[in-house]
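The two complexes that follow have chain A in common; it is paired with chain B in the first and with chain C in the second.
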Partner chain A sequence: MNAFATDMTTAPDGSAEAAAREELLRVDNVSLSFGGVKAITDISFDILKGEIRAIIGPNGAGKTSMLNVINGFYHPQEGTITWQGKERRKMKPYEAASQGIARTFQNVALFKGMTTLDNIMSGRSLKMHRNFFWQLIWRGPAEAEEIEHRRKVEDIIDFLEIQAIRKTPVGRLPYGLQKRVELGRALAMEPDLLLLDEPMAGMNLEEKEDMSRFILDVNQEFGTTIALIEHDMGVVMDLSDRVVVLDYGKKIADGPPEDVQADQNVIDAYLGVSH
Partner chain B sequence: MAGSSGTSPSGEDTFPKILLRNAKVFGSRTAFREKDYGIWQSWTWSEVCEEIRAFSIGLKSLGLEQGDKIAIVGANRPRLYWSMVAAQALGAVPVPVYSDSVAEEMAYVLGHAEVKFAVVEDQEQVDKLLSMSGEVPTLKDVIYDEIRGLRDYDHTHLHSYESVQDKGRALQAENGSLAGEWEKGFAGGKGSDIAVMLYTSGTTGRPKGVMLSFDNLAISARNANVFDHLDETEEVLAYLPMAWIGDHVFSLAQAFTAAYCVNCPEGMDTIDVDRREIAPTYFFAPPRVFETLLTQIMVRMEDAGKTKRAMFNYFMDVARKVGEKILNGETVAFKDKLLYKLGEFFVYGPLKNRMGLTRMKVGYTAGEAIGPEIFQFYRSLGLNLKQLYGQTEASVYITLQPDGEIFGDTVGKPAPDVELKIADNGEVMYRSPGVFVGYFKNDEATEKTKTPDGWVHTGDAGIIAENGHLKIIDRAKDVGKLNDGALFAPKYIENKLKFFPNIKEAVAFGHERDMVAVFLNIDLTAVGSWAERNNVNYASYQELAAHPDVYAMVESHVDQVNRDLSREPMMAGAQIKRFLILHKELDADDGELTRTQKVRRSFIAERYDPLIEALYDGSTSKHIRTEVTFEDGRKGAIEATVEIRDMETHDPGKGYQEAAE
Partner chain C sequence: MFYREAGQFKTSYKADQALMPILQDRIGLLVILAIAFVVIPVLANDFFLTSIMIPFLVFALAAIGLNVLTGFCGQLSLGTGAFMGVGAYAAYKLTTIFPDANVIVMVLLSGVFSAAIGAVFGLPSLRIKGLYLAVTTLAAQFFLEWCFIRIPWLYNDNASGAIEIPHREAFGVVVSGAEATPIVRYFIVLSITALIAFLMANVLRGRIGRSWMMIRDMDIAAELMGIRPLQTKLMAFAVSSYICGVAGAMMVFFWLNAAEPSSYSIALSFQILFMVILGGLGSLSGSFMGAAFIWILPVFLKFIPGTIGINLAAETVEHVTFMIVGALIIFFLIVEPHGFARLWQIAKQKLRVWPFPY
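Here is the complex of A and B:
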């Protein structure tokens, strides 16, 4: 064996254990109901900085509701949400965005008529500081600002390997690529927390593999904390550091993937036991 | 190298020296561009010189020494090209490797070349090198260009390109005389030193490392620049594998000697867009690329509106009629000239713009035969597309088609300084300043390929036509002789036959026999549609193949081939005397074709031995029973009586000679 090889094999593992990580978001005893329907009942969990946290559960378990609570779209009737150490008041989704939470949607929600580039640029609009007047005049500070943002966006395009579709209207792209563009737009916000709502829904195996790679790379390269909802158990088990399992709006398990996988409650929830 | 037309007067015989000249003479001209962050980033020659110097000094501090081999793995990137010259400046030899080759093959090449360093593109290549470290014991350090995914790797023997450059810059800052010492280091380099080692992806056996000297590359490159009037204003797109001699010459040797600009595309799937933006003036592509471009245009035209389509069809007819003539400088009727001008405005111009070939001065295609209609399409648009014939061992250039002397079936005249001859067995041989030094650690193969007085066996059989153009006919090992000594090139005859849409396959026999005879397969689609139009009833391939009208039609095709052959002095002796149409289609399931649809000649000869006998014993028909395998794996047999036809041969044209001379 040569020096190059022996040294390389002792390379430290990239994903250091979450033990020493600080809390990014904390959900305490949250309940949410729509009229008489209880979507979420008394749920508590936390998301640590730099981890990939999965939220799973059968259909109707309340996963997307939970995500909507986290990004401020729904306001829970009970319970508290602590964001970066501060208890969070009722707020609007765009406030959540400006606080550093970005998301993608279960069904792609892009501007279909706009190009990939413009869609991702739109993710930077919160970071634009020049007002409408300056934007109108364009020359000078607004231009300089746009160049800076374009550079960031190009970084993302490079990262997601979508250079070839930079100028293509997203409506013309296949589904898998649209999902990737949507991820790009979320990344353009340089979020502290990235919420992914079923990033692999409707994808074929190859697209899933690509997307998994990108999610891991986002986490490792940019250090972005990720909370994801996903149905594909294989993907969840491979990607996530910790998993929360919901069923009928209640938390039934929480922990590392392998523990959750072996949990009897989880197995019952997925295979179906009479309630 | 005094006396050679390619030597530059000021005597820069190695690429590091040429780099210094370019930095001095063309310092502010753009040397390299790469599309990154969505825009073309560019470097002038003086900037390139600084980049290479910093990296080279950095490499030296890592321990790269004279004679060391350094592997270059990755897609076309300026930094990888610079790495090659940076290594050459230290007397090391770059070994570009096909980045997509399977790990086993790459491991063999790197192990055989005894590489000590590797400069690679990204994580994928780093991982690949890691996986093969056992087979490449000499490998010490790896340098990568793209950090993504590599942050957490142990960096004891792994370095980023920037870190090596930074080291080089820091050392220069500490010691002001270092830059001068660096230049002095290669001032004594000679043109006969090994510049690069390129492994040929041999279809048989292990890849061989072709050692090329600076003289080989620089002189060939200068000759080619002169031949096509290329200077520092050219733009090329570097998109073909860096380990391939073509790219090495077009994007490095010629680029450095002529000081023109090399553009590296953003990625493999953006090449079409990038080419449109750059509009290269000098462009090389294998036939496949031109085929794809044409198909894309045709598909889009199908979707276009009626008016557009009518305009396209009308002006393409005009182009077909007069386009090539105008390109070749022949005179055409005033009306046609006018129409062509109009067409240029409405159709050809926009089309060329779409393909990114608007500024193309010279384009080449090589590697395999390009379809005549594809070749003509581009030329009729006014694009100066030409063919060349080359080899790694020749530093590319053996023959080139000169401007205005374009013949679809030849590969042109000998390139400047190239001597060409045809050996007794029909093999093409050449001698030129570009002839390689030898195969690395393989004297046996070197002796087999290169004669002591410098002639190289190409392995291809060819003939030199009266106009001095070389025509490649077959692989030399497949070429045989008739009993009367006439040259017999089976593939040449077969390809001529297969050129007719009605003929799908052809197998020619004749080596060590009295005459040439062929088996034919008709093309069921083409002949079937002909049968439909002419009310010919048939139930199966076998029935259609035996139909007298079909035989008559095929006979006329064979006759046409004989006429063609008779016009070629070297080939006239190998006209087809007898033929038959096989009663079944040749099929890979029966082992008659390879899975890539190539004819397995010896297998067929064995299987249809009775038919071959019948071809040569004069009988006019023969009964045969053949076992076949159906698609579901069951076996069956088909029987038929196959008719054999005799053919007239034509008197050879003037200057007939036996191949043996």
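Here is the complex of A and C:
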């Protein structure tokens, strides 16, 4: 905190910029392996409040594993994670959720048997508290709570322009719309940090444009911090404030998109130059 | 065309998320309730009540119980019969210990015991899934059956090893024991089943029902949305076993009058499971359809051929029933895992677009 305070005073461009630089999450020297396979080796980076932080790298670089570490799905063998100034030990995924971390998945992980509406409502689970006996009766508090959260969910449905598929079981939706519903479900959690694992994979140009617009809007209108994994370099350059590049589980570059793009290590990694 | 919601606009979320947002459905439900509470009691004879309606309602309730666990929460169980047995034995002990208490209350209370035991046997569900979990519930089935046989205290040291339901009165009428009339039994069973079905419909459309379905559809994602897997599954086990327990207690108190351990065997577990599969996994109305089909089909087969002059032996009826049910189960598992309930939906969809075929 102290180091941070001095940093603030020396920040040349005033307090607004400084406030935007507050650290939300920091990963220090994290290593993760599965048996013999080293998925992540000694990686450190930070995510600042309010930014869009891209994580890129070739296939199998360890990007998804990194997200899994952040939201408690994998426990790294070494290293620490500091969330909102507090170092955290082993954490279960549902604890990460209750602390404000939401995510979408590389392979859509929607609740297939439920409608779009119910999928997004499920994002409100942590914010709903009426117990079993109120639910049995329904009339009164349980119904009131359901309506209150339904309003918030309808706002998200409007925002994502998916009104027409509200009552459609998500299993019947085309892939692009499923990804959109999945974003809606994560947004319903009103997270502090939103982890997006390849939100535009397999989309056509128009769908990508829509999705980019949603991501930017979420970041700018709601001020949500976003960590974004994406293979489309154009999208990464346009959307992100800073980029971490992983290759074979190691961090090979970190910085603003233009710098990273020009970095020789990064160019080599993407061209497959041997190590 | 006949069944459509055009013109029925919802002006509030309250109306939109009502149990039955479409008018035709609400009318349908009212008609069914009127038939169940008025028409059948007036018209039906004792045979119809005792051999068809009472067992059908008992099984429908048990199917709802299993559906909560398997259809809505995705945890396969083969211990339904034993959990029903726990309810039966618990109610029997309760009414032995408190002979003056209202036996209907005792039946409703007995479910609490099966809920507790169900939750204990649900503990392995944190680590194991699918068929492996089914095997642990099978172990529960055999262990509990063993208890029903080996613990004489459970059946009051009765020489026959069976429980025999004593004469009990409530509100001045005989409600259990041999003297209880079919019509009284029918009203009790109907009221309890309808009440529990209604309460479960409420739970299933809210936060808790959703959390069960989240675990069923994608447990990893559910956990990342803040659902605690163990608590959620144990709750499903407890609620499901409560309902099955009450159904099991009703089975002996208001239908059979006496029961042996074999009444609650693995065969019963499978019977209820088949009702759930045929009716539709994850559908309350399907639970009724499945129970009706599996219970009434054999009765039907027994009597219809006789009326048109064909005589079928009892064994033939049984075999034909097995074959039809077996074939249908294979059909549904492969073609339409959501059972009759889904076929009914498709039929409604067709009515909506009638006379066009799409």
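Here, the second predicted complex is superposed on the first by the 255 of 275 C-alpha atoms of A that agree within 3 Å, B and C clash if a C-alpha of one lies under 4 Å from a C-alpha of the other, contacts with A are read in each partner's own complex, and residues count from 1 in each chain.
We adopt the following convention: contacts are C-beta pairs under 8 Å (C-beta built on N, C-alpha and C of every residue); 3 or more make two chains touch, one makes a residue touch a chain.
None of the values given here were measured: they were computed from a predicted structure.
Participant: A:Q220 contacts which: chain B (first), chain C (second), both, neither?
Facilitator: Only chain B; A:Q220 stays clear of chain C.
Participant: May I ask you to decide whether A:E143 touches chain B, chain C, both, or neither, giving the answer as first, second, both or neither?
Facilitator: In the superposition, A:E143 touches chain C alone.
Participant: Kindly classify A:G202 by the partners it touches after superposition: chain B alone (first), chain C alone (second), both, or neither?
Facilitator: neither
Participant: Touch test for A:E161: chain B only (first), chain C only (second), both, or neither?
Facilitator: first
Participant: Touching A:F132 in the superposition: chain B (first), chain C (second), both, neither?
Facilitator: second
Participant: Look at the residues of chain A and decide whether chain B or chain C touches more of them.
Facilitator: Larger number of chain A residues touched: C.
Participant: Which of the two partners, first being chain B and second being chain C, lies in contact with A:R151: first, second, both, or neither?
Facilitator: both
Participant: If you stack the two complexes on chain A, which partner ends up touching A:G85: first (chain B), second (chain C), both, or neither?
Facilitator: Once the two structures are laid over each other on A, A:G85 reaches no partner at all.
Participant: From the superposed pair, tell me which chain A residues show up as contacts to chain B and also as contacts to chain C.
Facilitator: Touching chain B in the first complex and chain C in the second, residues 150-151, 154 of chain A appear in both lists.
Participant: Can you tell me which positions in chain B touch chain A when the two form their complex?
Facilitator: Touch residues, chain B against chain A: 36-38, 130, 133-134, 136-142, 148-149, 151-154, 156-158, 266-267, 269-270, 273.
Participant: Give the list of chain A residues in touch with chain C in this complex.
Facilitator: Residues 71, 73, 92-94, 96-98, 102-103, 105, 109-114, 118, 121-123, 125-126, 128, 130, 132, 135-138, 142-143, 145-147, 150-151, 154, 185, 189.
Participant: Could you list, by residue number, the parts of chain A that touch chain B in their complex?
Facilitator: Against chain B, the touching part of chain A is residues 1-5, 7-14, 117, 150-151, 154-155, 157-159, 161, 163-164, 166-167, 217, 220-221.
Participant: Touching chain A in the complex: which residues of chain C?
Facilitator: So the residues of chain C in touch with chain A come to 12-14, 17, 199, 202-203, 205-211, 213-214, 216-218, 220-229, 235, 239, 282.
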